[in-house]
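Shared between the two complexes below is chain A, which has chain B as its partner in the first and chain C in the second.
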Partner chain A sequence: MRFTITRQNLNEGLTAVSASISTKTTLPILSNILFRAAEEGVLEMSGTDLDVSVRLRVPAQVDEPGTLTAPGKKLLEIAKELPDEPVQVQTRADQIELRCGRAHFKLNGLPAEDFPALPSVSFDGGWTASGKDLLSLIRHTSFAVSTEETRPVLNGVLWELRDGEMRMVATNGHRLARMRIPAGPSLETTAQLIVPPAALQQVQRLFNAEDELRVSRDGNHLGFRSERTEVYTRLIDGTYPNYEQVIPKDNDRFALVERKPLESAIRRVAAVASDQTHRIRLQFGNDRVELNVLTPDLGEAHDEIPVSWEGDGLEIGFNANYLLEVLRYVGTDEVKLGFKAPERAATVEPVHAEDAPGMDYLCLVMPLRLVD
Partner chain B sequence: MPGAAFHGPTPMNRHRSILLVDCDTFFVQVARLEDPQGAGRAPLLMVGGSAEGRGVVTSADYRVREHGVRSGMPMARAVELCPEAMVVPVPRDACLRRSRAVRAVLDRVAPVVQAASIDEFYLDLTGTERLFEGAPLEATAHRIRERILDEAEITVSIGGGTTRLVAKLAVERAKPAGAHIVAPGQEEAFLRSHPVGAIPGIGPVFLEKLAERGIRSVEELLAVEPEWLARWFGAERASWLRDRARGIDPSPVDAGTERKSISSERTFARDLEAPERLAAELHRAVLEVGGGLRRRGLGARTVTVKIRDHDFRTRQASRTLALPVASDRAIFRVARELLDELRARRPVPVRLLGVGLSSLEGEGPALQLELPVTGGDDPVGIESEADLSLAKAADALRKRFGRDALVPGRILERPGSMGRRDTHEPEEEG
Partner chain C sequence: MKRTIQILPDAVANQIAAGEVVERPASVVKELVENALDAGAGRIEVRIEGGGKRRIRVSDDGHGMGREDALLSLDRHATSKIRLAEDLRGVLTFGFRGEALPSIASVSRLTLETSPRDGLPGTRIRVKGGRITGVEEMARQPGTTMTVEGLFFNAPARARFLRAPAAEARAVSEALSPLTLANPGVAFDLVSDERTLLELPAVSELRARIAQLWGDEVAAGMIAVEGEAGGIRLEGWLQRPDLTRPGFRRAALFVEGRPFREAALLKAADRGYRTTIPREHRPWLVLTLRVPKGVVDVNVHPTKAEVRFRDRGGIEQLIERAVRRSLEQEGSAATLDRPTLPASMERPSSERPPAERSPTSSPAVVREPEAQMALFLSGAPTEDSDSESTRPETPAAEEAPETPRLWQVHSAWIVAEVRDGLLLIDQHAAHERILFEQIMERFERGGAESQRLLFPLTIRLTRAEYEMVMDMRGLLQRTGFEVEGFGGDTIIVHAVPAPHPRFDAERCLREMIEELTHGSELMRAATSQHERVAMSFACKAAVKAGDPLDDREIQELFDQLFGTELPFHDVHGRPTTVRLSRTELERKFGR
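Here is the complex of A and B:
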């Protein structure tokens, strides 16, 4: 294999692919990147950790077709520091040789045959999703996935396609995020996929809002493809719990509140909260919410901010971190909080200006029990 | 004076003084006390389930043990070995009463008392030297023995040393009705006289691995270069091993952590294989441990299911949850999955089934409520408010109308049998 590539293209390809390869693997081949020069003018680079795989096509002048694998992180370290000149790459048996200006490197590689085959996902039966929609769905939900190993399905983000909508949902049992986006008339596919967040991270990293993505499921794998980039992932097995049933429909007390002042107040009083529970108390009533913290051995804090409140008064406890997290993702200047009772799920939703395009986004946060 | 440096009044005394008080054949002693005319007169006595009901030996007196009888052995086999012995059931209530009486004595003599099981108590006497007028630890141990015999009518053996590990091994030397104290500085020499299997925490699998490397005694273990141990077993385990072999054990006597687990198990009169019968037995065990858990105001993070197959192979599976659970429903969900896993691996008739709860936590810090995200194919580990309220309501009913007032349909076919379960408090008799 022999090709010439600009430093920028080499660096871009390596940066994209090397993030998908394992750093602590027992299989040396998995820390390598697969190079494949088969077509005129195109170099393909692939990396995988066996769960998530990435393939990128970058422009290169191919002088002699071929394949080889070489250590990804080492190549990236080199490519970052090369001068801005064309890089000549050549293989000799299992070695890869780089020349750029007066710099010259030889790295030991491994034969391409040893590299695991990337999942073969046919894109014939897939669907199209706009990068903008997909990235927004991922950003607003994937933070909420569970990291506990006791319920594997909750370690993934649920991606549903149905009723002309794309939905993503994630929860760890303490909070839940759900976002829905109309998929337009083009989406006739119905699917329920549980996607590992690591794969969605790669999608976020490697695709842009302007990209039109082809997405397809093949058996237990899911593939994302744009013109130059492909991401494949194993799906999580199992059936996602019925999340609709935990979304409260009978919340009858609501607060409209400015997000930023609320966030600051929570952060202020939470400084005095317990390091374990991060518990704060919110007391909603006439036109204001009082925030209280009382932590034995540490101290107490009190603050209050104005809200527009509807319903009977309510005192409720929360883990301050969970509240802050969902407020950050909800993101609008004003947010709407909904409650039923101190031990029932609270809803947090964005409030959009009347002329602004809205997003259908809902977060749930389970309270902390107030025992003392 | 020998031993003075050990337990003497000198303020320079830095090492700990730990005793393990172990009631000798506790269940046998209590059975004799409870029935002085019957069991009390039997020269040979075994306590446990009946041979016909395929029960096991809970405890046997020392003379019966000379016939080869051991705790945990099927009673039928024990009767074969020692046909002249009398067999009586475990006097549960009396055992609890006597255990509390022993505990009451210990609470008066030691600042820190930790019950390791119904008949074993660790004491930390560090810093109490003046109270005992500077007596050597051995004399103190004997004094404690006499007081327990006086006030609770129970004979105990006492092991002592600077660590829990040493005290645990020493008490074996003390039995029956004696005291054995290992002086500070003598720990390693004392450990050297033991097989590695005597060290608590080395289970059968590890023991086998050690044996493969030719390590059977602590002596042999200490002869191996630490580097080799690290290479064979990993650095952490190797240093743990080295420490234990030299008698080093930093674990404290901690009155706060004494209840480590709650478990309930039962040996069936006939081996069970039908899934619905096993599920019913599992449910029954869950009700036992769940009720015990809630009575103590605790939640459990780890659920363990143990089965003994018809051929006496004992297997168990555990799962540790993100948050403690306390409701029967949540415990049963987890236990059911574990049972299914165990059965899938080896679907043979089952002789014994048990459920254990550990990683017990007070309800205090578990304030975070959960979304009841159930359904799908994976409802494990999440306990809804409804589950908990239901369990508490059931507890209230059972307290008022008796244990069988409310029984799940699954186990209804044998009402009244819940009371015959073998509920083990943390560990078996030592």
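Here is the complex of A and C:
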């Protein structure tokens, strides 16, 4: 294999791919990047940690087709510091040689045959999603996934395509985030996918809002593809719990509240909350919410901020961190909180200006109760 | 009609009494040594031949006796130690019943040589089978020597029950040990057929005697215990929990210098160790009690192995609490250091005057709970650190931060830099201790926090597990698990505790149910249902080895650990913390 590539292209490719390879691996080949020069003018670079794989195509002048794997991190370190001159790359047996200006490197690689095959996902039956929509869905939901090992389906983000909508849902059983985006008339596919958050992270990292992505499911794998970039991931098996069922429909007490003051009040009083459960109590009444914390052996805190409240008074406990997290993603200046009872799920939703409808976003937070 | 009831001649009465007091050579040695101690001896030599069957000789340098006293001492109920029945309350000397010497004399050939301190001539009395066969004057240093030969020569039935000389010699040594521990200020020698079994110079403190008797390593691995309640003082030494082993145990209890056996008090000490050592471990210990008059009755048994306390429950409580308090101290933590005794104690000898005793070698039990933290604050003013931390040429002391620096290593341990070296903390063990104490407190005071679940957990159980869960629902609820029966051996969990961010509620509950239903080593160690649930929860819910913790979590874990009652021990009886002192580090690097 022999090709010539600009330093920028080499660097870009290596940066994109090397973030997908695992640093802690027992298989040496997984810390390598696969180079493949097959077509005229294109160099392919691939990396995988066996769960998520990334492939990037960058322009290069291919003089002699071929394949080889070489250590990703080392190449990246070198590429970062090379002068802005064309880089000539050549393989000799299992060695890769780089020349750039007067700099000259030889690195030991491994044969391409040993590199794990990337999932073959056919994009014929896929669908198209806008990068903007996809990134927004991921950003607003993937924070809520569970890390508990006993319920693997909750370790993933549910991605649903139906009724002309794209939805993403994530939960750890304590709080839940759901976002819906109209997908336009072109979307005819129906799908229910449970996607590992690590893959979605790569999607966030490697695709832009302007990209039009082709997405396709093939068996147990999912692929994302733009002109230059491909991301593949294993899907999580199993049935996602019926989240629609737990979204309360009968909440009858509501608070409209300024988000920023609420966030800072929660942060203030939570300083005194238990470091383990972060429990704070909210007491909603006529025109204000009182925030109270009482932690034995530490102390207590009290604060209050104005709300517009509708319904009977209510006192309810929460893990402050869950509330803060959800408020951060809701994003609007004003938020709407809905309640039914102190042991029932609370809803948090953005409040949009009437003339500017925004995203369809809903979070649930389960209360933290004191058992006596 | 012929009279059938007669008053026994003295010699027969003595022989019967001998049956109670004198069983074997060891009991003779014990009686004679006790007499020597009562006589204020500073040095006691015991020589036995043929395991004591052939000959026993006990010599002391005590105050001795004049001729009249010496003769009287051989009469039954002749005693110098009490005069009236009222004196019986508050007897603090070893012998007082006046039974021992006549009893021994009645079953052996006994020679009593004694000389009082006031310069009067010495006396030698020979007795055979209880009959005095000769009394003569002799020259002798002040003190008394008792020679007992041919034990049970006139009671062949008893002689036959004696064992081989080696076994009897061992028994003599075992009988002597507690007396030597009770009297570290007295020098002891035990020679059996020309072989020295014990050679114990007088020392100024108990720990030094423990070192002589049980070895330096054992003594160095002991921590001081101290306590007081209702005028009763407790002092002594306990084995550090991480050094305890199952099986063979040495334990000595003394009241007013008198060894005694009392299983209930040892049990109380073991209770004090609870959760700091595995259940089957037997800590070695020496406990001495000082009591006001009237609190103890020693007049229970002729061999005085048992004593009766007026308020045994109170003493058990005193022991349990004092033991527990010592185990709260940093000194009870496991250490990587080579066990060493305080320098001032390494060569205890009879020549060392008590005044030379170093203050650092006396039991230094810190009582204030704040003192625990003081160990970690580099500049904290404690008596022995003052001089060092203010020395300007010690850069470490100047730069050392207010709170210890902490690192997590291998996602399993936390290393803390403390004033006196390093602490290595096992994150799982430490969190176990924290959670255990939290849950136990919640059981008392209530206030568990419980995270409601969006998707209740459904868990299928076996019949036995299901029944256990239903029985213990209340306790489980107070740990934060809100459980409901669903029928068909299935439970629904609506709410779960949230002890840390990586907590896996379902796994924790399943493991707890398994353990609580089918038992485990840990469950057998628990003494109540509450403790069982708390231990199981602590063990299953604690952060695991392999969980990476962020800086805040590390700091929290550290702070919470040292806020617990027993920060150095987890609930399985393993250490949470291993110490590595600066001194040891310096030694390892040849500094």
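Going forward, the second predicted complex is superposed on the first by the 368 of 372 C-alpha atoms of A that agree within 3 Å, B and C clash if a C-alpha of one lies under 4 Å from a C-alpha of the other, contacts with A are read in each partner's own complex, and residues count from 1 in each chain.
Here, contacts are C-beta pairs under 8 Å (C-beta built on N, C-alpha and C of every residue); 3 or more make two chains touch, one makes a residue touch a chain.
No experiment lies behind these values; they were computed from the predicted model shown.
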Clash or fit: how do chain B and chain C relate after the overlay on chain A?
clash
Just checking: does A:P296 make contact with chain B only, chain C only, both, or neither of them? Give me first, second, both or neither.
second
In the overlaid three-chain picture, which partner chain does A:G173 touch, first (chain B) or second (chain C), both, or neither?
both
Which partner does A:G238 contact after superposing on A: first (chain B), second (chain C), both, neither?
first
First, second, both or neither for A:D275, with chain B first and chain C second:
second
Let me test your reading of the model: by the given contact rule, A:N155 touches which partner, first (chain B), second (chain C), both or neither?
neither
Once both complexes are aligned on A, which of 387-395, 423-431 or 459-467 in chain C overlaps with chain B?
459-467
The shared contact residues of chain A with chain B and chain C are 148, 150-151, 171, 173-176, 241, 243, 246, 276-277, 279, 317, 319, 343, 345, 364, 366-369, 371
For the complex, which residues does chain A have touching chain C?
147-151, 171, 173-176, 241, 243, 246, 274-277, 279, 296-297, 317, 319, 343-345, 364, 366-372
Chain A partner, complex, touching residues on chain C are 446-455, 477-478, 480, 482, 495, 498-507, 510, 552, 556, 560, 563
Hey, which residues of chain B end up touching chain A in the complex?
319-322, 363-365, 367-382, 385
Considering only the defined contacts, which chain A positions touch chain B in the complex?
146, 148, 150-154, 171, 173-176, 238-243, 245-246, 276-277, 279, 317, 319, 343, 345, 364, 366-369, 371
